[in-house]
Amino acid sequence: MKKLLAGVAMALMALTGGAQAQDYPDRPIMMMVSYGAGGATDFQARIVTMTAGNEDALGMPIAIINKPGAGGRVGWNWFATQAESDGYTLAAYNIPHFIAQSIKGGVEYSADSFEPIANWGADPAVFVVAADSEMNSMEDVLAFAKENPGKLTFSGAGLFVGHHIAALQLEKAAGVKLAYIPTKGGGAAAMKAVIAGEVMAGVNNLSDAFRAQEAGNVKILGVFDLERNEFLPDVPTMKEQGMDIDNASVNFRGIMVPKGTPQEVIDKLAATVPEMFANARVAKKMKAGGSPMHIMTREEVQAMWAARQETLAELLEGL
Amino acid sequence: MSRAQHIVPSGIVFAVGCWIAWVSFTQQPAEAFLFPRLISAAFVALAGWTFVKALLGWSKVGSGVSRTMALNLAPGLIVSLIYVFWLAKALGFYTATTLAFFVLLSLYDPAPHNEAKTWIKRAIITACFIAVMYGVFGLLLKVYTPREILF
Amino acid sequence: MEFIYYFGDVFAPISFLLLLVGTIGGLILGATPGLSPTMAVALLIPFTFHLEAVQGLILLGAAYTSTVAGGAVSAILLKIPGAPANIATTLDGHTMAKKGEGARALQLSFLASAVGGIFGVLLLIFLTPLLAKWALAFGPSHLFWLAILGVTIIGSLDSASVVKGLLSGCIGLWLATIGFDDIMGAQRFIFHPSLGGGINIIAALIGLFAIPQVLTMFAKGRRNDNIEVIEVKKHAIGDAVRELFSRKRAMAIGTSVGSIIGLIPGVGGQIAGLVAYDQTKKFSSEREKFGTGHSEGVIAAESANNAMVGPSLVPLLTLSIPGSPTAAVLLGGLLIHGIFPGTDLFDNHPDVAWTFINSMLIGQVLMCLFGLYVAGLAAKVAQVPQCVMAAVVLGLSVFGAYSVQSSMGDVYVMASLGVMMFFLERFGFSAAPLVLGLILGPIAEANFIQGSMIANATDGMGTYFLGGALNLVLIAIVIASIAYSVVMELRQNRAQNAEVTA
């Protein structure tokens, strides 16, 4: 009897599966964020998907599910191996995090496991020190580091995430040895370590550092990007301060689906999602929260992923 | 309670402890297994002591498992395990829960089985429970539970 | 005294309505298995998109306070702790409910929650700048010792045998290491794909507490003569108030422990209830009554976990550092309205800041009133026949575990841990120390590794972990706590031996 029921269930599934692509989406969609509730990625994901239920967007709401752990590995591993590729399970991606992790190994995903849909934001890494620190520019930082090799402690959100990439780039470009301290608990914990004086400096998200600077808790000494940021027009880039550092550590955030999702579903999402991000209400809320937006279409994201794959493979070689 | 009853669980725990220690001390990278090594050392020591105590018959706490208890427990445990590990996913949460709830209720309800009234009562309780679950998890919290057949 | 000026704003019609909705809704969400306060608050965030900043925060603040208290309802009536904060409440609360004293347990828990909660919010109002410094004083080395201190109370917590208590704690510590290690990203002990994400604490809680209870009910069988008829006693609210005030020690320990621990970022509310319970037990003259439905246990645990609510927001409101997962979600609620916690909040948006804080104060009172009102009614749950109860708890556990992160893996983990715990409990192991290990393991490990990395780059391990006044104080408490456990074990053995010879 139970076998029979299961058989009937399978048959029904096969039937509904065929019809799904045309009416997609006909039920609420789930989006996995591989960081904890309240973190920068989670917060932005909730804002950019808030209009998903509108008729001109997907017409169905997107519910956020958090699967935090190990710098995002837990969530993406789940997404690559266990998520159903029916278009009702989306995930937020963070570049360079998941690409760096897949190059390092020990995870079951790579850039080929996922299909990008669209990008919503780009959050560069910045170098911060506590407000009462004696260091006032990258020059001071490097001078200290050269005198005390391996003694300058600075925090970041984990290993093989954007902050770590920035740290590696800094060490390489300046030719000094630093002590990178990965914290558990994301950018917020890394920021706390800087403000509380547990470490001398830190790498953090521009959006979080901007707020912390506004609150008078930290000083921002440099941006790990190609150009200065609109939120921080007075803070020079690393390149301006004489270090050859590009935008490889900039944290790009967007939406992806698992490989094997029907092409029609991908096309539909790729067409609607960038427009959904461009919604005026979304832009207003993002700006209010100090989160830089950067909308990219599926093709642009594919190119960006491929480019990152190369740069990171080179940077992480021999680590 | 007999000495043998204490030996079995403490033996299993001790074996698990040894396995953890073995894994922790052989796996790489060593940095990642530093903490598990520490724990497994304490684990093995404590589990070893408990095991020895059980062997010597010094274990006093706990009420053990009696024969009647095991017989009472078996049907419920088996139905629950089938429900959780297989039916919930295969039939969908609501269908499987309805089924499991009704079966468990019938298994353990002391009311006589040969009266129609009893069965109607059980069906009503089951329906009420599922309605509440659907209301809370499906409608209010919008949790999308696996739904294979029906709803 | 600035805050008094903004009290009126809380009673503006829409604000007050939201406060009411948030409080009552929060109690219901909190009582639902699988829904931790963090998740409940995250669920409400989308609603605040459509509200003004103040109104949104009132809703979130009210939900935060009342979900923490609401967790006690399922902890007492069903033995399913809604969140780690409510674990200690199950120990005595559920035993009371089984004796038909559910109404008394619930009334005491709501009253204690309100007293603790109001104290916590008052701390937030008056001592914030001072407390912020204190919160930041805890670095990795201190958090490590604090976690170790937590581990040492494992032995004395709800266990008939100290060794088995410690062993249960070790099992918990080990379970916590399953999954990806947080700093290196290495895979550890993943022998089934469901374990890839590690063991989810909420799913584990449901399994470890609820499932053994379901199986125990099954084990009683279906014969009529085994069914105990429970008489649910009515309990006057006045008596509960009087009892509360006669238990001053439990109140005081619960409230102060809750406020202090709640303040420390990263450790937060998860262990406040357990530590308070343990301390109250150690200082109580009726130590042996704990675990048998003793009201001090409920009072200490619940006053502690609500007292932690106010202080847990201190680092968030002053420094923009979320000290707990729930505070992190609240931060999001502030940011979408363009308000940055920190000096910006108090200088440029004092109306938002103080109305929010005031609403939490009034929310505590509303929560208590509403809780007392439903306590008598809710206690009737104890009269539900065992067979129905077992099936209900099983169903709730499955739905609850699944809803944590929409994952079947969590359901399997929940059930496996539950069945394991049932058999272990039959042999003197216990769930509370195991859960404590599960919570403390990651805190101890992450802070140890992070601390040793900083130490290696700077002063060296010795100075970093053993130097400084705060480290030394914590180490002294750890030693005292271990000594206490050893003495207890010896006394226990002597008592056992005396029994054997007699």
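Labels for the chains are A, B and C, by order of writing; each one numbers its residues from 1.
Note that in this section a contact is a pair of C-beta atoms (placed from the backbone, for glycine too) under 8 Å apart; a residue touches a chain by one contact, two chains touch by 3 or more.
What you see is a predicted model; the values in this text were computed from it and never measured.
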item: Comparison of A-C and A-B by number of C-beta pairs in contact, larger one; value: A-C
item: Most centrally placed chain, judged by C-alpha centres; value: C
item: Averaged-CA centre spacing for the pair subunit C and subunit B, given as whole angstrom; value: 23
item: Approximate Å spacing (C-alpha centroids) for the pair subunit A, subunit C; value: 31
item: Between subunit A and subunit B, centroid-to-centroid distance (C-alpha), Å; value: 38
item: Junction residues of subunit C - those touching two or more other chains; value: 181, 184, 186, 406
item: Contacts with two or more other chains, residues of subunit B listed in rising order; value: 144
item: Shared-contact residues (touching 2 or more other chains) in subunit A; value: 30
item: Sites on subunit C touched by subunit A in the complex; value: 38-39, 42, 45-46, 49, 136-137, 139-140, 179-187, 193, 196-198, 265-266, 315, 319-322, 325-332, 335-338, 340-344, 405-407, 409, 442, 446, 450, 453-454, 456-458
item: Residue ranges of subunit C touching subunit B (in the complex, touch as defined); value: 32, 35, 43, 160-161, 163-164, 166-167, 170-171, 173-174, 177, 181, 184, 186, 188-189, 214-215, 217-224, 227, 385-388, 390-392, 394-396, 398-399, 402-403, 406, 408, 411-412, 415, 419, 423-429, 441, 444-445, 448-449, 496
item: Contacting residues of subunit B [partner subunit C, same complex]; value: 5-6, 9-10, 13, 17, 20, 23, 27, 29, 31-36, 39-40, 42-43, 46-47, 49-50, 53, 59-65, 68-73, 75-77, 80-81, 83-85, 88-89, 93, 97, 100-101, 104-105, 107-110, 125, 129, 133, 136-137, 141, 143-146
item: Subunit B partner contacts - residues on subunit A that touch it in the complex; value: 2, 5-6, 8-9, 12-13, 27-28, 30, 63
item: Interfacial residue positions of subunit B with respect to subunit A in the complex; value: 87, 90-92, 142, 144, 148-149
